[in-house]
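Chains: A, B, C, D, E and F, in written order; residue numbering restarts at 1 for each.
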Amino acid sequence: MSALLPAMGLLLSAAMLVAALMAVRGRRSLPISILAAGLVSLLASVQFLLLAAPDVAMTEAAIGSGLTTFLFFFILARVRHD
Amino acid sequence: MTALLDLLGAALLAAGSAFLMFGALGLLRMPDIYNRLQAGTKATTLGTLLVLAGAACLRPEWWPKLLLIGLFLLFTNPLSSQVLARAAHRTGAPRSPLTRIDQLEERGGGGS
Amino acid sequence: MTRKARDLAVLFATLMLFWLLLGGGFAADSLLVGALAALLIALLFHDGLSFFTELRPTPRALAAGVFYYGYFFRELLRSNLRMAAIVLSPALPISPGIVRVRTRLKSRMGRLMLANSITLTPGTLTVEIDGEWLYVHCVTLEPGDTEAATAAIATGFERYLEVMYG
Amino acid sequence: MTEIALATGFLLILIGLYGALTNRNLLRMIVAFSVANTGVNLVLVGVGYLRGRAAPILDATLPAAEAPARIIDPLPQALVLTAIVIGVGTTALMLAYAYRLYLTRGTLDISRLRELKW
Amino acid sequence: MIRRATVLLLLLGLGGVFSALLFGYTPDDELNRTAAYYAGQTVRDTGAANIVTAIIVTYRGLDTLGEVTVLFLSAAIVGLVLAHGARAGGARRRPIPPGELLETGSRLLTPLILLLGVHIFVNGHLTPGGGFQGGAILASATLLLLLANPMRRFSHRLIRLLESLSGLLFVLIGLLGLLLAGGFLDNRILPLGTLGELTSAGAIPLIYSLIGLKVGAEFSSMLAALAETQEP
Amino acid sequence: MVEGLLYLTAALGATAFLLALGRFIRGPSAADRVAAFDVLTIISITGIVLAALAEGRGIYLDVALVYALLSFLGVITVAHYLERSV
């Protein structure tokens, strides 16, 4: 079982980098950027769990990935006609 | 006895993640959003339930929390895909050319 | 007991069950804190529903519930096997369509459960619910008489849910 | 694990800063900042990780007496927990200001806001 | 063009620093002195099973007070900025009905989500989680209610009352610690109990619950303020 | 045997993760990406359960519960946004 967690970590890292690139590239539409940033945060949360930090993982999932994404979408709905 | 339970649990885990894989494959292969949601919802729900059941076999003392996660998923997962399908239909998401009939379209647009 | 008080009691009981499953155990302090929190939440959300709110308290309804879950899991497994077969075949044999299905259920919980069950079972996904009509997306729609074919989508679950919730 | 986390975190910081500095849309800049924020958190937690040790929460499988030999450093975790919470506060503030700016100027493009040019 | 080159140069420099840090990093085998202190002494000092919680609530309690204050300030400023920025008049769009399924579902799930939030912050000293996470989950329940019915209005007085009351009690417990025990926010004003039980670790569950309520109220007021601004 | 099956589980889960990530990258619409996001969250729950089994710590399961909640709320938020953006 010892090789399992680092392998998962590597997979997550690769996915996070891809999602981060999607988030900052300007050509995609804004909702997709925000979703990609949410995905980075979500995967970071699993990564925290693998780094033996369940407290941080839960905080990142509930606050970093959850609330932040919701706030972004709330504001986006209000500045949409740009 | 425990060895048998362990084996059962591991088999359930593997079956569950096989269903997850089918679901993700369907998500990738299907032609439009409704069919993707179909594949995604069903397979991930059953897959996760099987994984949780497998974990409960491997670690019997965790069953209350695993049951709770399963129940929660059983209610939220179909609900979220229904809401998403409705939103997609309202925004006029493209349907696959294979679609034979759309009686919701015939009813006429959004508001209920 | 008035209906409102009964709903409140049912919600409170459900929340306590949830608390116990969350891992409180039967220690006195944990039970006390859980009861306090559950009571506050139940009072604050008096329009909150619970899984058991509209469940009829008759033995027949309970039996129907058990049968319902048996049927539900069988259908869930079947639907997944079918979906796996579709996804794995190279030709992707689908002929999707959105059809409408009539339901007789009136209670809110019953309708929610029906929509959820339809979503999780063979090749169907509820898209919209409007009065007595459910709009259901099907992956493989048989050619021919849609009315008769679609009526079967709901009746399997309705049979049990009608006894449970009415 | 530590190396993976550190490398990912550093790369995320760079990607986030790149996005924040090259995009012109304010909302995009805020998104990029939140990516960089995640990267910083990942680096900090990664530094606290020690190979083969468990999470700093004692229970039946991890009695208090064995704790110093078996748990990882709890301090970075507490720090990062704080950082995440403050992070959402600052993000909310940035978003509110961006919305206000949009209402008064009708745009989110920073190159059209003269006073902010550098 | 020059700007982009400058940015790339800056990032390249930063990348150099980072790679130097990465390749120069040697993992420790032992905890450093501070961490070893926390690992060894936490149970004796505070009786909390979750050492991270013990650090946040007791050892670094003053920082947490500051953190909660910062969060309060940012919520207040968001409310202020949005309240003054609300678009006056304008054609309001016909509200879209939320759909029966989501409405029923939200009525079913909101109490459960709230109870999950309470469980997370009450058990902050035993399991992962605590006031901040639990508060965020309480706010998620608010969000679910808002999404199921966008026209819903929350009682601002109730939210504000909850927030100021829990903040006040938090400071009061801190001062009690100064009077009865070793210092500000010392948790030993209540008995430490046995490790692993709900009523253990002195005042930590109480303080973290108050933090949870306060954080939940703050995030909820932020979301409610956002929802009340008009959509274009 | 049990060990092998666990590795098989991890491998299948990783494949599922990559496939769903592929849908997330390809899109084309935001709704497709949200569907992929949902599936990725659910696959992460499996990942968390596996990590909990590997480390033998039941407390990790609390995080999985938060994830189940999060996937639901995220989808609902984006659906709400999409419905109002026609």
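Odds and ends about this structure:
Definition applied: a residue touches a chain if its C-beta (ideal position, glycine included) is under 8 Å from a C-beta of that chain, and two chains touch if they have at least 3 such contacts.
Remember, it's a predicted structure, so these values are computed and weren't measured experimentally.
In summary, the chains found to touch both chain A and chain F are D, E. Contact with both chain A and chain E is made by D, F. When chain centres are defined as mean Cα coordinates, D lies farthest from chain C. Across A-D and E-F, the chain pair carrying more C-beta contacts is A-D. For the pair chain B and chain E, the distance between mean C-alpha positions equals 31 Å. Centre-to-centre spacing of chain C and chain D amounts to 39 Å, using the average Cα coordinate of each chain.
Chain B and chain F have Cα centroids lying 11 Å from one another. Shown for chain D are the residues that touch two or more other chains, namely 2, 7, 18, 22, 54-57, 59, 72, 77, 81, 84-85, 92, 96, 99. Among the residues of chain C, those in touch with two or more other chains are 18, 22-23, 112, 115, 126, 128. Within chain E, residues 50, 52, 96, 99, 101-102, 105, 108-109, 112, 116, 120, 127-129, 132-133, 137, 140, 143, 222, 229, 231 each touch two or more of the remaining chains. Per the contact rule defined earlier, chains pair up in contact as A-D, A-E, A-F, B-C, B-E, B-F, C-E, D-E, D-F, E-F. Those residues of chain E that touch chain A in the complex are listed here as 50, 52-53, 120, 128-130, 132-133, 136-137, 139-140, 143, 219, 222-223, 226-227, 229, 231-232. Per the touch definition, chain E reaches chain F in the complex via residues 93, 96, 102, 109, 113, 116, 120, 127-129, 133, 137, 140, 143-144, 147, 150, 231. Partner chain E is touched in their complex by these residues of chain B: 72, 75-76, 79, 82-83, 86, 90, 110-112. Contacts from chain B toward chain C in the complex involve residues 19, 22-23, 25-26, 29-32, 34-35, 37-39, 41-43, 45-46, 64-65, 67-68, 74-75, 78-79, 81-82, 85-86, 89, 95-96, 98-105, 107, 112.
Across the complex, chain E meets chain D through its residues 4, 7, 10-11, 14-15, 18-19, 21-22, 25, 27-29, 31-32, 34-36, 38-40, 42-43, 49-52, 55-56, 60, 63-64, 67, 70-71, 74-75, 77-78, 81-82, 84-85, 87, 126-128, 132, 195-196, 215, 222, 229.
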